[in-house]
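There are two complexes below, and they share subunit A, which is joined by subunit B in the first and by subunit C in the second.
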Partner chain A sequence: MRHGKWPLIVTFLVPPVLLYVAFVVSPYLQAFQISTTDWLGYSPEANSVGLANFKALWHDDYVWNALKNNAILLGLVPVLTIVLGLFFATMLAMGGRSGRAGVTGVRGGAFYRTVYFFPQVLSVVIIALLWKEVYHPNKGLLTSALHGLGLPAPTWLGDPSTAFWCVLAVMVWSNVGFYVVLFGAAMSAVPKEIYEAVLLDGASRFTTLRRVTLPLLWDTVQVAWVYLAIFALDGFILVQLMTNGGPNFSTDVIGVRMYDTAFGSETKFGYASAIGVVMFFLTLSVAVLSLRIGRRDRIEYS
Partner chain B sequence: MATVTYSKASRVYPGQERPAVNELDLEIGDGEFLVLVGPSGCGKSTSLRMLAGLEDVDAGSIYIDQRDVTHLPPKARDIAMVFQNYALYPHMTVYENMAFALKLRKTSKSEIDRRVKEAAGLLQLEEYLSRKPKALSGGQRQRVAMGRAIVREPQVFLMDEPLSNLDAKLRVQTRTQIASLQAKLGVTTVYVTHDQVEAMTMGHRVAVLLDGVLQQVDTPRALYDTPANVFVAGFMGSPAMNIKTVPLNEQGAEFAELQIPLTREQVAAARAEGGDGKVTVGFRPEDCDLVSPTEGGMPVVVELVEDLGSDANVYGHAALGGNSERFVVRTDRRSMPNMGDTVFVKPRTGRSHVFHATTGSRI
Partner chain C sequence: MNRRDILRRSAAAGLLATPAAGLLAGCASGGGGDKDDATAYKGTKSEQNPLGVKEDAPLEVVIFGGGFGEEYAKAHEAMYTEKYPKAKVKHSVTQEISKTLQPRFVDGTPPDVVNNSGAGQIDFNGLVSQNALADLGELLAAPSLDVPGKTVKDTLLPGAVEVGSYDGKFLVLNYTYTAYGIWYSSKLFTERKWEYAKTWDEHIALCKQIKAAGIAPWTYAGLHPRYMSWPVIATAIKLGGPSVATAIDNLEPNAWKSDSMRAAADAWYQIVKDKYILEGSPGLDHKQSQTAWCQGKAAFISCGSWLESEQKDVTPAGFNMTIAPTPSLGSGDKLPFEAIRGTAGEPFMVPAKARNVAGGLEYFRTMLSLKGAQDFTRKVSSLTVVAGATEGVELPYGLNTVVKALDASGANGFNWVYNNYYRKLERNLVDAACGEFFSGRTSPAEFLEQCQKGADSIAQDTSVKKYKRAA
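On to the complex of A and B.
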């Protein structure tokens, strides 16, 4: 067996590693290489320019504007999504207390769970188009509703002061359902007796969430945080489809910036790759940092 | 400290016809240690959880100190519970686990500290106060769960099989600790177990349940000496009582060649209500002697001898009305038979229990 196991391991290991190198590692490395050139994408001509692209990037106000928007998303999307997800999951798992003894969820929990999950089943493109219609300045659902109540309505995605927040709301909306299910699954792994003990100790629902549920679900919350942070640093599809970064760059994000640079009027592939490289390191550091900072003792149930 | 009263309290789980607890009537005195015992699924845990407010009461009511708590939420009942799996908060230290309920009640810091330290001293937990539950042994976790209940200084302690996750030796040790702790604190305690030895050794009184119906409540001694029906007789005591349904005649019960004499009243009672010429008779393994063949014992073929050190249990079978029936006899080690031997068993006079053959109630 000592000698016999190597052919087996090699047979299983080599194909995936080769595929990974060919389709993941190599494009990354190529992007690093391209980012040091002035390649324009459709010509064979590419001259090495060293770090000139990165220097230009440092002085590019459009990139900084996009990064600022990404930073706001990074600050808000994970927090809002996790808070809402935890709240809904708690209500589904143990919200129903009036009149019934013990620990039960709100009535119709299975229904809510399914409904919350709907956005996750839809393609992001559909979600973007759907909300574009909702935000339509003349015949959209929101405008009609406000007009129906006799209130003035903003132009939503058309106004630089509201567009960003409209996109942010869609980001939270489209993610919450998944985290409700994720947190719900994590909660069902907590022994029911712990919640009964909390009940006997006399904790309110909010205290239960803050002092017991959140600490017990910390690992899951942390994973959610990393996913959402990566999502917030990207956000490309929704922004590209709903506003394409506009109006007046108010919803621009780094992903859209990169796309525009590469496939816009100028096709500056070298410069776009430099943006990509910066994005890669930003995402990596945010992920590593949030895992580091949030590290706590593992929870074990006796 | 308080009394607890169950008044025709019932619990029917949704989608089930038979109540899990059926019209439970039970009075628990101030400072009493009451044990609820029965086989799994008998409703003992459900009864406890009804008192805790973790389970709905579908009919009847429950009082703590004459106060109707039937529909009060758990936190309004002033009770503390020890769970089978302890349900400690894994992310809190031992100290925080015990202090949690008090903090929620806005008890002052110094008072919390005093109570936690006191409970920790009582339970020998002082050196573990800053540890988390995962760094504790099973016995220590069990004590933390006890401590969490004690610091609350509740009116009633509820314990749901608190010893069943411990190993046998620790269980015996903790059993006595809990009993003496309860005696010291004098708090009314309701204790659920499926282990009849725990019930016998710990309870002031023991309530035996079967299929959601209360069978008998009495002191352990009375329960053992005068079981109210066949179920209680067979459930209490280890090894279990020998209980057989045999033909009845004018003088008594016929165990093949052996005759167990009954009084005239017992015979009359056994014949009433469709006794059908049969009577159920039980005698405990320690209430019989092995006699010589001439003394008129029941011949039992020995299948197994358990040497317990202090004495021995002899398992065997005897032909009874055409069937082979199993018997257990506890005997002195000196007169221990061997496997395959035939011994002659004679129950001691006046130590047998007589039950009605169909209703199963004591005669």
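On to the complex of A and C.
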């Protein structure tokens, strides 16, 4: 057996590693190199400027503003999405009427599961355009509903005080469905006897969720956390399509800043790469940190 | 490996993959290098072939897929192949000019003709400062294809060459001739017996009347509020003369806070203060606001002369859109009421490293022939920079008013180009300031302060090449 190992490894692992190096690792390294130049993107010439781009970044108010927005997203999107996802998944798995024997979900659970998953099936571009119409200040769904109730409606994406929250809501909305299914799958792997025992002991649903489900799902929640944190540091597509960072930079995120610097209003590819490098380290640290902080003893049931 | 390990590992993979999308730009650099001149196509210059086109050299044309479509370009290409039957023309259309072509510029293999337009336009400042564009001077000096005895330059409308010139070199052919003004529906105004106001006080009085009639006087593209910077700057130029624009273009200190700009901003603040703007406008994009205007929900909108073709599908029959200059502030205005901003737009360029530069220039000569220009105007209902190309072409209602407005404006016409020199200043910075101002969150003084701050940040940015133009 030992003899046959190496040919197998070489055949199956070397090509993917080579592809990975060529298409993922090398662009990364190149981006690091570009970030130390003043490359303007439309000629092969570039001068090395050392860390000047990073120095300029440090004093760039627009970058800081974008980072601030990313920080808010990082603080809110994962929490809201996971709480909502857990809540819906719990309801679907064990939210059925109390007083009945056993653990059942709410009626029509399969239907809800499908509906929650809808946003995941749609492309992000379609989600963005869909919500742009929902937020239409004159004839959008939200405005019409509020006006129908005789209430005043804000201009949603047109007002710096609401635009950011409107985008954040769409981010949560578009993500929740996936985590409902993810948590639901994890919950179905938890042996039913545990729940029945907890119910016999007279625990409420909330206690069950907090004391039993959550600890058993911890690994899954942690993964969700990392995914969502990465998403919150990016958020590029939704923001770019819905507001392009406006009004008055109130919804700007670091990804949009980078894109705008290279492909939008300027062609400063060197500077944009510097933003990308900063984004890379931020994402890396956030992911490592959340994996570290969330580390707990693993529970095995078998 | 259990399920959770898989999830955890895929999370790690996701971590690596997500930012990679943003770093894609990185793939593009490194290759290329200076291209050997020997690979460029060169023909023999003659009277028939003043630009030295190699008759069998292929020509690649990239067109921006916007409001003008691509049919007009196919017609121009057909005219080119009519003259050079052996040449193979490669035609392509994209909406993402910068993303599609950036790697090819770096690689040194750009197309021969690029219609650098739209939201994905490549910043001209970057292109010019990297010497990525071919000098079109030879084209200007060449004889026109079908106007005997005149050079191409002689056939162009005034101002067409200046707009595409950087430090005196003509690098960008702006093919259309665009007027910027205030639009209204003649039908609506005739029905209601309103008359377009020539002075600002009358304009405000008219707004009051319109509002009383249950129609919002104004609407604007709240998500692209720079559209409203145009009438403000135009009002200031008419008050203080063209030097107001020169100062802004040359990034002179406090150019945005000149007395004329102050007076203009104060005047325009009136429509914000008195709530003469359609409710919800700050949340509309350009198409949504223009559609609201076409539906008669608002009386005025600020736009360029592409408006009519952009709104073709939603304009009701007999709407009769009409362009008008901005109202005069008072009798002290340096320019008459008729003065309007007219400028060449829709940029076309030949990359310096294109293989068939001569073919690219010849293609421009075809576009600028009377035949080519007339065909364009007929197909897309827009004016070109070629003088007299509208003769014999039946123009739609709105475009007719544009022609009349430009005629009336004549030598009093004015323009500014800071948006060409420094795309970011208009697209991002002035844009944001206009958004705050016209939704009533900043005062006129704060508005100009924010614009000035943006201009100063460009002026201080040593990585941006600066251009100056004469008054």
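Quick note on the criterion: the second predicted complex is superposed on the first by the 292 of 302 C-alpha atoms of A that agree within 3 Å, B and C clash if a C-alpha of one lies under 4 Å from a C-alpha of the other, contacts with A are read in each partner's own complex, and residues count from 1 in each chain.
Here is the rule we use: contacts are C-beta pairs under 8 Å (C-beta built on N, C-alpha and C of every residue); 3 or more make two chains touch, one makes a residue touch a chain.
Fair warning: this is a prediction, and the values are worked out from it, not measured in the lab.
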Clash-or-fit label for the pair subunit B, subunit C on subunit A: fit
Which of subunit B and subunit C A:D219 touches, first, second, both or neither: second
Overlay on chain A, subunit C to subunit B nearest C-alpha distance, Å: 17
Subunit A residues within the subunit B interface of the complex: 97, 100-103, 191, 193-194, 196-197, 199-203, 207, 211-212, 215-216, 218, 297, 299-302
Residues of subunit B that touch subunit A when the two form their complex: 49-50, 52-57, 73-75, 79-81, 83-91, 100-101, 104-105, 132-134, 138, 141, 148, 152
Residues of subunit A that touch subunit C when the two form their complex: 24, 27-28, 30-31, 34, 38-46, 135-138, 143, 155-160, 189, 219-220, 222-223, 226-227, 230-231, 234, 236, 243-244, 246-249, 255, 258-260, 262-269, 271-273, 276, 279-280, 283-284, 287
Residues on subunit C engaged by subunit A in the complex (per definition of touch): 3-4, 7-8, 11-12, 14-34, 98-99, 102, 105-106, 108, 120, 122-123, 125-127, 129-132, 222-223, 225, 279-284, 288, 292, 297, 423-424, 427-428, 431-433, 435-436, 439, 441, 463-464
